[in-house]
């Protein structure tokens, strides 16, 4: 069954393999009248581009986006926005060997079990390059949310066991360094740790956090389409994410109600919460506080140490992976988490527009 | 927008409020020819029923299910299965007071923000009673999975800070005690802890784990409909769940590739993994190992201590909640996690049937 | 796969068989704040009730609706509205015979081919009683559309070869007579024709027309979700409908562009069309004129003449159907066409709310 | 809301405008292992290409397709197949004038009403060029159906009032002449009629018929996802189609049950129908006979006669359309009807695979 589309109203369909002709996305359901050009997309794509860091694969990928439809005279038309990034740096020869065996921690085995064969070049459809489509769509969602005053900001919270300190929080720092951490000190420690991992022919994981500010209350649906449920799906659909949490997350399980509940208080005529253990969502619906979520990424499975595995033909072998691989994907994944969050938030804002009779009447009687 | 339906092929639509006429569910897309009767459903519902434990609300809820359609001569017909549980123990008077203010940690405020008003009786649609529909549907999914040899088993892994030990694991214990823990010793500690919470007019949270055994490899879709992404949505859509993880989950973020990767090995003609850090899913597709997931529940928000909040009219007040409330929802939530897992696994098994041309040809040429 | 849900935002899920415990529907996605009670639904159900006409089955069906959820203090809450009609007049014995063979023109054979067996009592799920759920949902949609000033009106346009004359058009007449024709003279001719059919142990078909007045321009989506495409699906999903047309419909195929095009003209500050060959839809989007559609119904397949057919076991036989059957379903189908039209129009009005950036900004900044 | 995706399992998403960078389609959910190359697609696209007939626009459109993803080593991989056709013959200057007014019979006015503005070049998204994506997807669906022994064949049944005779039926003729009619005599009459229309600066409509042969019984879902309901939506979503019918269609409304019912008979061990008034579908499910449907197309709205209309600024004007326009779209629409039929049939074949427990068990236990 098809699984390449995300969203109910703002619908994002990605396509493409690591070593095919290109990677792309169709965004259907984007409202008409949003100012948009290729530069708006490119700045987001550049944030996930490899080659700029010693901790990212040294493959050169220009990743230039072309908008093929849905924009006219600088504005979205309300019809599908198709975007294309041609693949350019394709050394398929690097991958011919892996056609015959299953890399541990990768989707090689599961693709073969599902489809009977696979496009083995660079991971094919399960390659991280698939996220180009997500990031391009996320750029549009972020721009649209910006028009409504809502901002979505992701950053690296931890690498290996090294966590940022909220006291040092500086988002500009995160956008400049090689870790994506908004804390210079933690970032330097993480760099040292990553060098150690590389020296050991090993890889590392980490945590990406994302915050949504100026979120209106009342967004999300009560039962299966809870805002946090959809955020969980969005984030867990990113390769290598193994856990998701909202607000206090895992810590809530060992807390008590008296400490976990957030009191409501009036701030002038506005209802606010004294604390934000809930992470901005109550009963699946936004409560007007900042939304805070975290994604836990496993270490890159492509490591240069010897590993045991089996061949397609059912023989035990020992392999040593070659090629160009990120020792950690977290810094490049920050913008992917931001993109998926923005897409989800926007989709649910649009879904919410039909919730109330009085607002529908008002809408159609203006 | 509508948000009360879950699943793409095996579609589950729940309806009903805590103090309305009843609670129900329509299961559309259940294959024809599955033996099914009301007793199959009732045994699942009885597992979530309150009143049988000192740690659950003392409300008496018979929760007897009636199958209204979709079953003929003891077998499912392939058409929608509608199931109804009448509400009986409704003391709406308990709730009249809460119409005027917003309980901390509940969805009162967010519902009002979304819809302009709410059915305030017992939480209305955001009540835990909504999960009756999920459990009834999950009973069908579990039975069908059983026919394919797949079993889904959930249990309490932790309450507050008290965790089970896998060395003591005994699932029969979990089905008999009041905590749902498959470890007698841990369960007794947890009981003592819960009594302490109750003495403090406080509440507790915990962790529910769920395992899917004998899962075939190749189930799940590569990109947005990853098996783990859908499980995450399913589980996070249960009220009070604040985090979700698969396999090593949050721990993977601080691991290295060399320890996190699972080696493949041949076991006769079968491919197996030497370890199962992945929790049975690689690249969003089942790898043939046991699927392991965990749901982190926050403490029950209804506590009997004094709490600060605001009224609908915008005044700061202090409240003290009355009535009958679970000091912890985890033991009763075990079967809900099991149900949502079963529904998701089944839906994706059905989705997978169209993945390969050779199997489609075989299907239509038999 | 599941096929019992219609609509994207205003989602209607019907369930139930002719001779099961009952028939019902869940409406999910109805906006909060619509005044609604059971009487609003019952008046629609009474329009499809048999037993009131000599041309309808003499089965007695009370068809009393109960609203089980989604309405609180007389208003919809935004959560699913579940409605139930218990089956009461069930003489299953009438149907035991048909378990063994396939009635011509019915779905007996195709259900057995699809599912391996069927609930043969009264047609089971393919019975006309399934439309009770549609009509109940349509009652809500119609009421909501009425709040926006939009009216949906269906009537019988033809029975056999007898057509109404638009010069005699009187909708009150249609609501009182036994044919549903808004033309007394035509209705009397049709009655005579139907008596003749009954005398011949035969049945008749006919045409139902439906008009949507005060429809705003701009509703419908350009490509696959065209307003007319969705109306076509809605109407063709009613059992026994064999053709659907919009505006001039089949006649357009033999017209010329010069006669088929509708000129635009200004009427004060309002754009109007000089004619309405388009039936109110251009390019799949409403043009502000009245929407006009027609559904062509085949004759009731249950006739009392001898017919050739085969048994489940593969023998040629001749049968003579007994029991109580409508000689024509058209008069009772009028309200079903009206219901499906209202549901579709409403769903697309709701879908349209996210089409424009300026309106979204306005919505969220009020 | 998004409306550019068709299908539940075999999902087709088209994008692109007449005068944008290109036109394309993403097919998600195509099973893995189907042999496929660009030539398979190109032969279908060539059938809708203009420039080869005196009755089609004289614009030169090469319409060369590029497969960008989803095919590896000559076979589909189960992941999205993205296809791109670059626009080449773009004389936007032809269209600058129409930016200011609304062409009668076109979607200009309705797009402006919906979106606030429109891409006016060549009809933008509502251009017939959008069907390139449908035809490319239909080529894949047809090839896959062919592997299952199912063939889909469309042809022109009528132009203006001129109908083919089934006695002269010759599908090879239809593929060679300029009308798409499988009847040489009728085709010649139609050519004469079209020349007359062109001499009168006028346009013509017609009927396209489509037949699906070797269709297995049991395909389609009982209620809203009836096979004929989905075919109706598929066909009515093609621009300019004003009516849809299945089997006897409109004629059924004036028939009697005794003549409209199809008797079942045994043919050896096979159940067959003596006649096929039903058009191969009973109760929304295929009955094993040939499926027969018809689409009624209105005359091309772009005619060269003077026409009354209004400007965007609300002034009455008289216009005379220039440029290159088909005097009839029917011959080029034949392959579009065939494509949409193939897509729908395939999608419902795939949906049907989960209908029966015994077949699911068999599938997973092989």
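Descriptive notes on the structure:
A, B, C and D are the chain letters, set down in written order, and residue numbers restart from 1 in every chain.
Simple rule for what comes next: a contact is a pair of C-beta atoms (placed from the backbone, for glycine too) under 8 Å apart; a residue touches a chain by one contact, two chains touch by 3 or more.
Since this is a predicted model, take the numbers as computed values, not measurements.
Because subunit A and subunit B share one sequence, their contact can be compared position by position; here over half of the interface residue numbers appear on both sides.
A count of C-beta contacts for the chain pairs C-D and B-D puts C-D on top.
With respect to subunit A, maximal separation of chain centres occurs for C (centres as means of Cα atoms). If you average the Cα atoms of subunit B and of subunit D, the two centres end up 44 Å apart. The geometric centre of subunit C is 26 Å away from that of subunit D, both derived from CA atoms. Shown for subunit A are the residues that touch two or more other chains, namely 1-5, 8-9, 14, 29, 32-33, 78-79, 114-116, 125, 222, 350, 354-356, 358. Residues of subunit C touching subunit B in their complex: 1-5, 9-11, 13-17, 20-24, 26, 28-29, 32-33, 66-70, 72, 75, 77-82, 84, 114-119, 124-125, 350.
Residues 1-6, 8-9, 14, 102, 104-107, 109-111, 113-116, 125-126, 130, 158, 160-161, 197, 200, 202-207, 217-226, 228-237, 239, 242-250, 252-258, 260-266, 269, 271, 274, 277-279, 281-288, 296-303, 305, 307-310, 314-316, 351-352, 354-356, 358 of subunit B are the ones touching subunit A in the complex. Residues 8-9, 29, 31-34, 76, 78-79, 144, 147-148, 216, 222, 349-351, 353-366 of subunit B are the ones touching subunit D in the complex.
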